[in-house]
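Two complexes are shown next, each including chain A; its partner changes from chain B in the first to chain C in the second.
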Partner chain A sequence: MDLFSADEHDLIVELMNLGVGRAAHALSQLVSDEVLLSVPRLEFISVPEAQKAFHKDLPPFLAGVMQSFEGFINGRAALLFPEARSLELVNAMIGEELTADEITELEHETLAELGNILLNHCLATLANQLHEQIRTDIPRAFSISAEELSGTLNLNQGNPENTLVMLVQIDFSLRNSALRGYLAFIIDLHSADTFVSALRSYLAELL
Partner chain B sequence: MLSSSESSGFCLTEILDNLDCTELLHSLDGGVLLLDAECRIIFCNRWFSRHTGFAESSMLGQTLNQLFPGQLPAPLLDAIETACYQRMGRILSYQLHKRLLPLHRRTPSGELQPLRQSILIKPLSQSELTLVQCLDITNAVKREQHLRAGERILKLERRVLELIATGDSLDMALDEICSTVEQLIPHTATAVMLLDETRNLLTIKSAPSLPASFNGREKGLMLSGTPTTCTQAVQLRSLAVTPDVQQDDSWQYWSDTARELHIAACWAQPIIAAYDEVVGVFACYPQTPGSPSESDRQLLQRMAHLAAIALERHRRMERIRFLAMHDPLTGLPNRSLLNEHLGRNLRRAQREGQQFALMFIDLDGFKQINDQHGHDAGDDLLSVLAGRMTQQLRGTDTCARIGGDEFVVMLETVQNPESAGLVATKILRCLSTPVQRGQQTLQVSASIGIALYPHDGTSADALLTHADDAMYQAKANGKNCWSRVT
Partner chain C sequence: MIKTSLSLLLVDDSRIARLSLKRQIQSLALDITLLEADSADSAEALLASNDTPDFALIDFNMPGRDGLELAERIKQSYPQVRMALVTANIQDALAQRAKEMGLAFLPKPTTAEQLGTFIQQD
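Presenting the complex of A and B:
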């Protein structure tokens, strides 16, 4: 999708890296251990493309955390992991070596907080740097099959043509665990205009 | 007319319109607070006043930080401010924040205990208010702790069982049992002690985290001596507990060692194998005085059972190995074990440049014994003669039964051919001495062929053939004599 110019795209990548970096710092303090996060890839895609990408790239079972946001952009943001690895991540966060067979309600909450911190930092950094406002709802953790993802993310709510998906790969490294997840930002295109203009005025200020 | 869904929808709207939201929030089983844009409490539900002890009126207009000065963890304060000022929703999970609001709840027995909680902070849309929800998850935490503890024990037990099932190293399995208990009961050293054949002496078999100096201690644990915690466990066939070794007379002699090794108490669980036989003791030495809890007792029992399984399996393996290598009638080594000893001795003699002797022994007149007195008599005779021969030999020599009335003796070292001849003469004498069996007197003699390494052969086959030939020469020479073909 060429909604954004190359400069604007680069700016978004930079802001996401900044947000992820801040999240890593916050998580490191929380678990008193080094948490490394990086963003190897970021792309803007349409809803059908997103559905295709989810089908192709994601494992059959997923664990994730979703949060709604509204402000200068509106939509929903989700952190997605292969379900089998999510427990490993939670265990690494709380410093447990043992792995249960199933994720319990407490671990769901921990996963929710992990996603919460990550998504909040990304969204807050985006808003703060662009001098805009954003409000986020409380996070909700879920375990679903890949087919259920579109429904869970409300991907087809409203007109798919008015929805834009920002798909961000994210690599975690913490204690001895390393895994890749995805951040998906489902952005209402009615708000994309404010997004673009915020990016343009930010870039204009730089020049 | 309205359809049923429309009418119920209509009713629901009506109900919701007339609902007293304040009453609803008060009746919730969980804490609810409403904060204004400056983090001040503008509403708190009854649950909250009940669990904080503050009257509702005294909380209104205050921030949480003012209510609990210096008691709130930084992440909670930060999350509240982020939500009130920046409108970011937050969750604070129990696993990442063991301490949130200083709330307590009463246990069924009436004790006050910290309330385990997670907190949700939701900035409300279309207003400046922020909703704080405090969830009591004490029971979920308890369930999770049980689950994790059970899982941990299962995982460790599985490791022990795998070691028992796959390897036949008894030491490894017992060490694993010890370290399992040391992981599950922290600050505790453990040992497995076994009863010897006299069933009077307990000796340490495994104590991976105790120094060798301590292991020497149990050399002297006689069941017939002064009772100790461990010997009591054997005699009582149940857990014996000494909660404080410094206050216990039976530990008097060992009190310095105990102090040095930080041993404060001793819990001894008997290891009971098949047929209700006590075979040893599983001993725990905690660093602080005290008695085992119910879960400690269960763990000790389970581990003692595992130790019993490991010991039983080891004993059976040993038995199978013995049966495979020995003649069941006489208990003498069989041909397989002879070959093993012979091979080993050949290599040793070659390395050290020494001589050794091999004797092929065939009884004279054994067939007649069987014919005249029956096979039982023949068998008894063979057993007695086997015992007599063994008595003539050194512990390092080997006497094997390799056929019906054929034996091979290997003298591990000989200085010269004459000394082999002397042993042969002694064996001839003991074999030809009559054996009394009830009313019967059984008597045979023997013909012995001697082969010497390296003179008569340098391989097992060559030596055995040579000795066999010499035996036939002894038969030809009139029996009841030995011969060597040079």
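Presenting the complex of A and C:
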């Protein structure tokens, strides 16, 4: 999809880098550990392509958090982890002397707050840099199979041909555990016009 | 002057967020009584039935009324409460609105130092 020019694509990567950098700083404070994040890999794909990518790249069972947003861009953002790893994250965040039962009980709430912080840092940085505003909804945590993800993200809501998926993939690593996490941003094509014009005015000031 | 005993109202819909804020506040070794609420409504109920706290840490994104709507009400009814908006939503526009209302703006995750500075500044 040639919705964005090469410069615009580059700018989005750069802004996501900034956002993810902020998120990494936040995550490292939360888990009291050094966090290494890979450079985000950015893809713009259609709904069927996104479904294929989820199927190919994601582990069969996922723990995640979803947050809707609206403003100069509208859509849903999700933070996804292999389910087997999410308890390690919870442990790293609130760990200490908790029993396995207590950790399981707190898993969803911890993920929701983690997602809230990471997704908001990305979205808010994007909005701040582009001098735009965005409203984020209450985060919702879930545990699902990879097949259920399209439904959970409302990927087929409305006409799939009108939905552009901006998929951002990031690898996380902590000192004590290797975690692979994914960030996915589903952006409605209807709202991409304002996104494109925000990117253009940013570039116009820059170039 | 810091009073011998302080009280702080914590408003966040996330139990985890309250847990981490609580842990950080407790690490400050100050004599602080905590009141906890998970929504703007329950915060107002707590305020009506307790001594007015010295401080309030308020989340922005909550089901029902958001943190700034609650802050506006607190400002009207309990103007002596010093408030901070504690949020992962680090947008400049939101920080600006908080500042205009006289609130401190603390990005999540907070650190114990930031909370200590907020509590002890006068």
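The working rule: the second predicted complex is superposed on the first by the 192 of 207 C-alpha atoms of A that agree within 3 Å, B and C clash if a C-alpha of one lies under 4 Å from a C-alpha of the other, contacts with A are read in each partner's own complex, and residues count from 1 in each chain.
One rule holds for everything that comes next: a contact is a pair of C-beta atoms (placed from the backbone, for glycine too) under 8 Å apart; a residue touches a chain by one contact, two chains touch by 3 or more.
Just so we're clear, the structure is a prediction, and the values are computed from it rather than from any experiment.
Q: Label the relationship between chain B and chain C on chain A in the superposed model as either fit or clash.
A: Superposition check on chain A flags a clash between chain B and chain C.
Q: For chain A, which side has the bigger count of touched residues, chain B or chain C?
A: Residues of chain A touched, chain B against chain C: more for B.
Q: In the overlay, answer first, second, both or neither for which of chain B and chain C A:163 touches.
A: Touch status of A:163: no partner.
Q: In the superposed arrangement, which partner chain does A:125 touch: chain B (first), chain C (second), both, or neither?
A: Touch status of A:125: second partner only.
Q: Figure out whether A:70 sits in contact with chain B (first) or chain C (second), or with both, or with neither.
A: In the superposed model, A:70 contacts chain B only, not chain C.
Q: Does chain B (first) or chain C (second) touch A:107, or do both, or does neither?
A: It touches chain B, and chain C stays clear.
Q: For A:136, select first, second, both or neither according to whether it touches chain B, chain C, the two together, or no partner.
A: A:136 contacts both chain B and chain C.
Q: Thinking of the overlay built on chain A, is A:22 touched by chain B (first), by chain C (second), by both, or by neither?
A: Second partner only, chain C.
Q: Considering only touches as defined above, state whether A:94 meets chain B (first), chain C (second), both or neither.
A: Both partners, chain B and chain C.
Q: So which chain B segment collides with chain C once the two are superposed: 26-34, 206-214, 224-232 or 332-340?
A: 26-34
Q: Based on the A-chain superposition described above, do chain B and chain C contact any of the same residues on chain A, and if so which?
A: Shared contact residues on chain A (touching chain B in one complex, chain C in the other): 30, 93-94, 106, 109-110, 112-113, 116, 120, 124, 133-134, 136-138.
Q: So in the complex, the part of chain A that touches chain C is made up of which residues?
A: Its residues touching chain C are 22, 26, 29-30, 93-94, 106, 109-110, 112-113, 116-117, 120-121, 124-125, 127-128, 133-134, 136-138.
Q: Please output the residues of chain C touching chain A within their complex, sorted ascending.
A: Those in contact with chain A are residues 13-17, 19-20, 61-63, 87-93, 108-109, 111.
Q: What residues on chain B touch chain A, complex-wise?
A: Chain B residues touching chain A: 75, 82, 86-96, 118, 120-123, 125, 137, 140-141, 143-144, 147-148, 151-152, 155.
Q: Which part of chain A faces chain B closely enough to touch in the complex?
A: Result: residues 30-31, 67, 70-71, 90, 93-94, 96, 98, 100, 104-107, 109-110, 112-113, 116, 120, 123-124, 133-139 of chain A touch chain B.
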